[in-house]
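Both complexes shown next keep subunit A, but they swap its partner, so subunit B is in the first and subunit C is in the second.
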Partner chain A sequence: MVKIVKMALLSRFVRRFRRDIKSNFLLFKTVANSEYRCLSSLSRPEKLVSEETKEQETNGGHKAVVPLECRFVYPEFLPDPRVGRRNSLRERLERMDMLNRRSNIDVPEFYTGSILAVSSANQHAPEKLSRFVGICIQRGGCGLRAFFILRNVIDHQGVEMFYEMYSPLIQKIEVLRLEKRLDSELLYLRDALPEYCTFPLDMEPEHLSQGSTVPVNPIKVKLKPRPWLERWERQELKGVQDLGLPERFYKRAAEVARPWEKYDLMKEYRESIPAEEQESIFAEVYTQLQQLEITKKMKRKRTFVRPKRTG
Partner chain B sequence: MWRKFPKLRSVGQTFHTSPACSHVIKLTRLRVVDNSEIGKQAMAEGKPPKCIHVYNKKEVGTIGDKVLLAIKGEKKKGILVGVKQNQRALIPKFDSNNVVLIDDNGTPLGTRIHVPIPQILRTILKKKNVVKGADYTKLLALATRFV
Partner chain C sequence: MNQADVTKLMSRLKIKYAPVRRRLKNIEGPEGRLKKIRKTLTALVKHERIELNFNRADETRGYVERLISDAIRYGDCHRATMELADYWLLEKQLIHKLFKVLVPRFENCPVSYTRMYRAPNLPPDKGYERAVLELRGNPYPPLLPDTTANRNLIHNVLLDEAHKEFRAQKYAEIAKKLEEADENMTKSPSDVAAESSQESETESSEEAEGQVPDEKMAQLSREKGEQPPDILGMFGLLRSYMY
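Presenting the complex of A and B:
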């Protein structure tokens, strides 16, 4: 008799526990579906959701609301997430310096896959200025050490240029074509056929209509036959055509793959800045960034462009 | 038992443990980018020249360094005008290790360079000019485009 009662209690307890877990998972799912997926603060999902609703409430009350796209448009404002590299004072000073630099030159919004033209002071050139056009194949670095790499094929010779974004030598950064690609890094263009990164040096800038989202170029690149600089078959690349390798390469790639790492919440937490911290950082700089954008637009309106004669 | 030995050795040779650093050192294959007769022939035959000496203290060649080449059974000197290795900011990095053949006075053997040349080469070669010795101004005059 006692045994049966015990069993009943146990089963009830288990059922209750299961229900708890289920509800937790549901919450997790809704959070994961929303924008917070990459923010790595899934440890306290309830708080985040409530914050979001609070934000919406305050939206009417003229409080500066920082949009979440900031971390894609201005990724270099986020500090290095490695614990040994953190220093709040240095980060704040760097942010001030970056804003100062941005008030002097226009650092436009761009992504890997966008085509840029950079003019920089060059003491070795006879006219002390050099301009390079190319596709941005990598963008990275935090704070003042932010960098990007441009690549182009000039006279059938692949050339790459490494730029420090906040270097005082850079005089002008123009975006000739604003677009994204399927991958976050395009280093495989080094092993691609040259026509995929050949851009004329006198390329005209293409303007997007205002308010439109940045288009994603779904182009699939064809790589040269091996040997390559890296084992591209082991990286999950979306912007690459079928590699045409023998079966053993894909077998080995499947063996060394670590598909479970994308579920490692702790790893994600370690490698990213938590959402709350991102918000506080961007709240600090967002108003000034907006101010810069507005002045930039005013300047653009004021400049008179002489109409070109055609025909 | 002995039959298995070469197989084991070949396993050790099939993988690298360190990434390639793309140094220009002795026995590195280079690409001749001027239109000198010997250079064109060597490239067309698919036997690009090998570097057999780098004339600097580090023995690793960078932009503007003089190298000794083994090309078509001859020894020729050349100037590196663009390397694969990662460079500092604002200095171009090329997809191949380019070399222009010169004679002992620094006069190039060809009459045209058909790839872009880094701007910094101007300053580097100007420093290396020697009065009544090596003169590299002719090499710079051949370049069609600077990046």
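Presenting the complex of A and C:
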């Protein structure tokens, strides 16, 4: 009796829930029947159903305590905030595929300003492998299309390489120096003196002690004289020395500046993912990511790193 | 392909908002748009219920919800939030109202902090759609009647009957326990008396709830000495209210 009352009261919600499930399942059917071959990790469509029930169990049961600092280490797990680009099923499938890729290859924690060495498969290279060392100047993309750009100056020629983090061509990503800079994007290094972007290709990895925070490099870079690729004086760059431009540049920058944008609450909301959603997304993937971290640490402990003589 | 900006944590908005911002016709451009919204936001926090054009109300609603949710999340000792409140609230005593009145009011509120109604556009006005924007918990009398207490609405009918059924079940359980206690005390003659008393109870409860179209269920109950869930009685009631 009471059950029927509850049903009557919640019928609206049940209907809405059913509608969502129906639309998702229609998509799931097409994916399972025709397109699942394209998805790397799916061998059988039954796997999808089991994953969904697993998620429901974990979400319906106790709430795991997930540190929201994950959002800095794994920013590509968060979806594109634009409403037209959201698709909950596609996002879940992408997260599954991302975790699968991470179980095959170690994608380490890095930030803009860290120096990485990436080995990727290249059919034209002598050993079918090409290695590039560079500083990460930009990081972006969501899901499987997450990318980063490495910059280095080789033989007095500035070179940038665009890598997709989850591309199957990438064989190895090593972090040679893990650090952050004062800016979130270092595109101004293109107009900086070459000494700030030159890193030896045979650079040795620098290890940080376990459990320490990522150091912030407060270096201020000197730019080459104008012309530049962008009007750096109009961007609030903290990692750049005094640009030394005539007064009119700064006046014009002040005229075209948009200081009200930092108070624009809806603009920042539309460009980000709310905290509750971030929690639910990381709750899905956190346990697996933690397991991967643990296996990585165990592997590291096993390899002996010969101590370098200093002084 | 934008990576979400994670530098600031913000609570989820509990309202429907447009995916793209409205430009709100104004001379000064984007800054003027924010100035307009700022005036409306200040007025809403001051008066707690305002009537205005629909587009402006809808734009401002998102900003109000965001401001209050930030105030709840970070509190008044957070510099950035205080600067935001200082920018958005033109009358500075409203900053005190935001942190000392509105935050405790909406701290545990699971729904939106504002309500928006469409207002009538009577002739000779032919122009923009009107809306009324108000904060929940405002001191004015409600604009729409509160139907939650109307006993004649179907959800309340079902709830009332569920309460009655629950109470009847509880009484039956208590009676059963008393009978079992009696049985343990005395012997067989008391069993017959217990069954007859149970039957009379079931009959009275069924009569109280009205029409019982399925008599077989009632017969079964008398035979078994149990009270079945009166599902069909409920359906009978539903029919009586629908037609």
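Simple rule for what comes next: the second predicted complex is superposed on the first by the 239 of 311 C-alpha atoms of A that agree within 3 Å, B and C clash if a C-alpha of one lies under 4 Å from a C-alpha of the other, contacts with A are read in each partner's own complex, and residues count from 1 in each chain.
In this section, a contact is a pair of C-beta atoms (placed from the backbone, for glycine too) under 8 Å apart; a residue touches a chain by one contact, two chains touch by 3 or more.
Worth saying up front: this structure is predicted, and the values here are computed from it rather than measured.
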Fit-or-clash call for subunit B and subunit C when the two complexes are aligned on subunit A: fit
Subunit B versus subunit C as contact partner of A:I294, first or second or both or neither: neither
Touching partner for A:M203 - first (subunit B), second (subunit C), both, neither: neither
First, second, both or neither for A:E160, with subunit B first and subunit C second: first
Which of subunit B and subunit C A:V216 touches, first, second, both or neither: neither
Which superposed partner A:S130 touches (first subunit B, second subunit C, both, neither): first
Partner chain(s) touched by A:G140 [first = subunit B, second = subunit C, both, neither]: second
First (subunit B), second (subunit C), both or neither touched by A:L169: first
First, second, both or neither for A:R190, with subunit B first and subunit C second: first
Subunit A: partner with more touched residues, subunit B or subunit C: C
First, second, both or neither for A:N122, with subunit B first and subunit C second: first
Subunit C versus subunit B - closest C-alpha approach in the superposed model, Å: 16
Partner subunit B, residues of subunit A touching it in the complex: 120, 122-125, 130, 132, 147, 154-164, 167, 169, 190, 229
For the subunit A and subunit C complex, residues of the former touching the latter: 1-2, 4-5, 8-9, 68, 71-72, 75-76, 78-84, 139-142, 145-146, 258, 260-261, 263-278
Contact set on subunit B toward subunit A in their complex: 20, 33, 82, 86-96, 98, 114-116, 119-123, 144-147
For the subunit C and subunit A complex, residues of the former touching the latter: 1-6, 8-13, 17, 19, 21, 30-31, 34, 59, 62-63, 66-67, 70, 84, 87-88, 154-155, 158-159, 161-162, 165-166, 229-231, 234
